[in-house]
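Residue numbering begins at 1 within each chain, and the chains themselves are lettered A, B, C and D in the order written.
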Amino acid sequence: MEKVRFGLIGAGRIGKLHAKNLSSRVGQAELACVADINMEFARKCAKENGIKDYYGDYRKVLERKDIDAVVVCTSTDTHARIIEDAALSGKHVFCEKPIALELEEIDKALSVVERTGVKLQIGFNRRFDANPQKIRRLIEDGSVGKPQLVRITSRDPAPPSYEYLKVSGGIFLDMMIHDFDMARFLLNDEAEEIYATGGVLIDPRIGEIGDIDTAVVVLRFRSGAIVTIDNSRKSPYGYDQRLEVFGSASSAISGNKAPDQVEIGDSRGMHREKPLYFFIERYEESFVKELDCFVDSVLNDREPPVTGRDGKMAFLLGMAARRSFREKGPVNLNL
Amino acid sequence: MEKVRFGLIGAGRIGKLHAKNLSSRVGQAELACVADINMEFARKCAKENGIKDYYGDYRKVLERKDIDAVVVCTSTDTHARIIEDAALSGKHVFCEKPIALELEEIDKALSVVERTGVKLQIGFNRRFDANPQKIRRLIEDGSVGKPQLVRITSRDPAPPSYEYLKVSGGIFLDMMIHDFDMARFLLNDEAEEIYATGGVLIDPRIGEIGDIDTAVVVLRFRSGAIVTIDNSRKSPYGYDQRLEVFGSASSAISGNKAPDQVEIGDSRGMHREKPLYFFIERYEESFVKELDCFVDSVLNDREPPVTGRDGKMAFLLGMAARRSFREKGPVNLNL
Amino acid sequence: MEKVRFGLIGAGRIGKLHAKNLSSRVGQAELACVADINMEFARKCAKENGIKDYYGDYRKVLERKDIDAVVVCTSTDTHARIIEDAALSGKHVFCEKPIALELEEIDKALSVVERTGVKLQIGFNRRFDANPQKIRRLIEDGSVGKPQLVRITSRDPAPPSYEYLKVSGGIFLDMMIHDFDMARFLLNDEAEEIYATGGVLIDPRIGEIGDIDTAVVVLRFRSGAIVTIDNSRKSPYGYDQRLEVFGSASSAISGNKAPDQVEIGDSRGMHREKPLYFFIERYEESFVKELDCFVDSVLNDREPPVTGRDGKMAFLLGMAARRSFREKGPVNLNL
Amino acid sequence: MEKVRFGLIGAGRIGKLHAKNLSSRVGQAELACVADINMEFARKCAKENGIKDYYGDYRKVLERKDIDAVVVCTSTDTHARIIEDAALSGKHVFCEKPIALELEEIDKALSVVERTGVKLQIGFNRRFDANPQKIRRLIEDGSVGKPQLVRITSRDPAPPSYEYLKVSGGIFLDMMIHDFDMARFLLNDEAEEIYATGGVLIDPRIGEIGDIDTAVVVLRFRSGAIVTIDNSRKSPYGYDQRLEVFGSASSAISGNKAPDQVEIGDSRGMHREKPLYFFIERYEESFVKELDCFVDSVLNDREPPVTGRDGKMAFLLGMAARRSFREKGPVNLNL
């Protein structure tokens, strides 16, 4: 098997991005067909990538013998079922986060995956960005020494629609879940305690639908390292994605990435461009690399770099943050 | 009265710095005499500043009719008493932080100050640095919009001696007290809730004397703004003093200050100098400015920019942080 | 015509890059065949891009009726002849710089292009980078005001082989030609006077083959703007590609681009990564964009953004620099 | 002799700065009297520094037996004569640049200084800034390797008055003279060849009085290093003082210095403050350090760090630049 033949399930924004990457940028991948409950979405996505097969029902993809793996980009509530169906059809699965919004569903999906022996990778793409890759390497090779403080800043340029927010699971499961995964990835360790606070500081309507728009979480990891995460749904200067690890031997701080390197000086001051607009632009490379790694796992029978367990752990941290916020006090974790 | 005539009480490290500033850099100040329980310290400090009068007993200073004000730089346990004695002698008082390590002492000292009507300024010098000054201005003039998140990073190049630490009051009262004051200064608001965590990550001996060396605190202010403070007693790259205010209209981040502006590029990468070594170097200008402002308050009968109440409020936040840390949960404040 | 069908002529390093871009990243392009005098190179390049047709003789490409355009990446001495042959076959031509090392050859090739009416674009890819694009826009929209000083820094991580250098035309025609084009592009103006100096400061063997390895050139443009260019064949910190335009209303400076945004702080200082290694990495996007633009010129019958005349003008500046260096004095230009 | 007793001659802007530094910031100095042909200036300056002696005639200063040294800040045309008179009175001399605008005058003054054996230091204060100090150290200790390219950027926030410009000696002698000294200081070497170009790009009236407002100079030093200097009388973003040394082992670049470290992010971009306003603010520390060094030279009988010869050499480079500009070609130097 020289190439992995993919079926794409779900051709929305992120699905189209994966389709394009599978078609042209992921070395040993081939996109063979596309499915979307909206048949027209499937047709368009197929056409844009020069593919003729598209379906309205994802099970058509699973029936095909020539398909090795699927990329699942449907709405969250369908992830767990599609993972199970795909695994039972012997297809390897790359699935967007989160696996589900209920622990039972996650556990059930993961047990099917385990039983069938297919590969499952969760779409925590940020891990594959050059910055966390480098910081993790600096920790692993001892350059940082013992990590003591970690800071993760994650602020979006604008909140999603209220419709999206209503079914998103809330800021801790929808947005901060990426940051929980990042903390676990950087430290290669698990959290012991979590404290969450936050509020509705941006838009009262977000409060009306039972969510918050600004959140700060503090975690204590087993090693003793203390992690602070802050999230905002609306940053005036755009997408803010900074990381900081402070250790006994050195610190590593990664700043934002801008579309150009120009600094303008005029009578009012010195001016640079805002960060790259949003995750599509900012993490462009990481979306290619996560699939490169998934393909490698499939071709060489290796454990994927982001496992189902990683998906579950980040979910559990999100749930614990939710509880801490509600109960107004720290929550102990037994992860 | 054209100049304010000062007596210095306490001629240790910070006392010597104030003495030099009063002698040569604070426009309308004049240093007239120096007192220190160690007579030799007093003599040396007087000599270095071209002054002939020095004493072992600070009450000699207070007896002098030609002295308008005193600068108190003695050990913390003597602050409250000297403030009271000075106030009762009609001297204005500039006193290093903290006022005391017991609330009763603070309240007693402040009530004497109030009764006598002398000016009292507390030595929260960092407020006078160009960076917080600018950020506060940006908040006040509306540039930042509504402040939502604040981040204060305060890490020392090396821990003080165990002897010092033993009587310091602990990391929250000795070190983070500056950051509590900074949060109050930037937001011009009071905290409602505080959560503190931390640990002994640097030096087990600091744990043995009942203190911690690494701390993270989260505060919620009345306005809803959430403030995160982190402290470390030992930063590998030196004194780290960063601030960040994130608001609805803009954010303002202040970075560290370095001794030069040189970047070196070689086969291993691009290299810059570490930040200025410690508070003496980093906040040099602010030590002059706080005295300039104190002198102005005395000469023009204005309220000092850092009042006794400011000293008390920062102390109360430190006490609340201590309690939160001990009780492992957030503490409500009624400040 | 929905897509432009390309034949690649010359499958060396830069040819392979263009082949990959044409195959997967340039939207309306299709790579149909590859030619290289080294048949094995052609075969490999074809295979890597999933194409079956390859040739040892570029005329086979020109004979094909289904080919709309060629990309010429052969050695410099063959450019002019291939441009002519392609033009006479009615193929549009994208050709790497320089067109030739003799003015007569350039003029002859350009006159054939003009007569046949095909599009010709020269491979000054750097123009398409985000930084010069932005700076040119800032000049055009008046933000910069009247440009007064321009600075172009161009330093390579390591010199090419002596074999390459021998036939390269020398530093002014081989390396600085890109910077001459950049100056013309940024200012949208022509030079009136040029002064060149330089020396053999890196490797005496470069001197032995009659070239220099370090050069500084000053140009005065018609508008009065003064442009300084410096070139070095070997920069210890790698590929240095900075630009600066200083005008009456503002300046715009573009810095280098690094592979990540991490800053490490340790006891020796603050450290960042070196710039991206060399032109393949640094100008990756620009190689895609120049072909996007060429394709657009072909499909919509527009003048290419880098014309044959641009290729000639940069060549003439290189020749004038050579003369100035030899004659040790400024040379007037009548361009 | 514990302290050096100074007389100040010339109490204009820079004179007042030196007076204040001598009074309060230069450790082993004491300002004893002030002279200015404008008696009122002398009186005010004396008063501001708590001194009672002031004169209209500088010879009164030279007559005083208790004066060890003078600081000369009068108009340029009087420098040479005052140096001679002071030297003949046995006073050490710190004199602002330039020594004179005629070589004969400079030579005459230097010969008197030599004969009398007094110390003479010229006010090239920029050498004492932390950045050139560090870069020179990096060259001396071998970190830079062999210097190949040097770049000095010197741009003023606004041109001086036409009256000043008329008697200034022109941009090369008035403004670029600092940069010539900087090049000599950094490389610790002499120039062999100089080429100057420039023009009137800012204000036609500067052209009408026979001067230019924008200049670029290229120098070749004996070591082979090529130095580029650019000057502008008016920079939209303020005082620009950057240095760059590019060597075989590393490069060192020094950027501008800003009044604070705040970066603001808003919907239009990321914004920092402009550089410190002008030389008084930017080089504040260097003015103290140059006098510290002069005092040390006097007290310990050492050669001053900026000698009369340094003053003469920078003058000769200015004259050669003027000639190169007039003759439109490079000028060989036999320095």
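We adopt the following convention: contacts are C-beta pairs under 8 Å (C-beta built on N, C-alpha and C of every residue); 3 or more make two chains touch, one makes a residue touch a chain.
For clarity, every value in this text was computed on a predicted model and none was experimentally measured.
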item	value
Most remote chain, CA-based centroid, reference being chain A	D
Pair exhibiting more inter-chain C-beta contacts, C-D or B-C	C-D
Chain B and chain D: spacing of chain centres that average the CA atoms, whole Å	39
Inter-chain centre distance, chain C versus chain D - centres from mean C-alpha coordinates, in Å	43
Rounded Å distance between chain B and chain C, as computed from the means of their C-alpha atoms	58
Contacts with two or more other chains, residues of chain A listed in rising order	235-237, 249-251, 265-267
In the complex, chain A residues that touch chain C	23-25, 130-131, 134-135, 138, 143, 249-257, 259-267
Of chain A, residues touching chain D in the complex	235-238, 265-274
Chain D partner contacts - residues on chain C that touch it in the complex	145-146, 148-149, 151, 155, 193, 195, 197-199, 201-202, 214, 216, 218, 220, 224-226, 228, 230, 232, 234-237, 246-251, 328-330
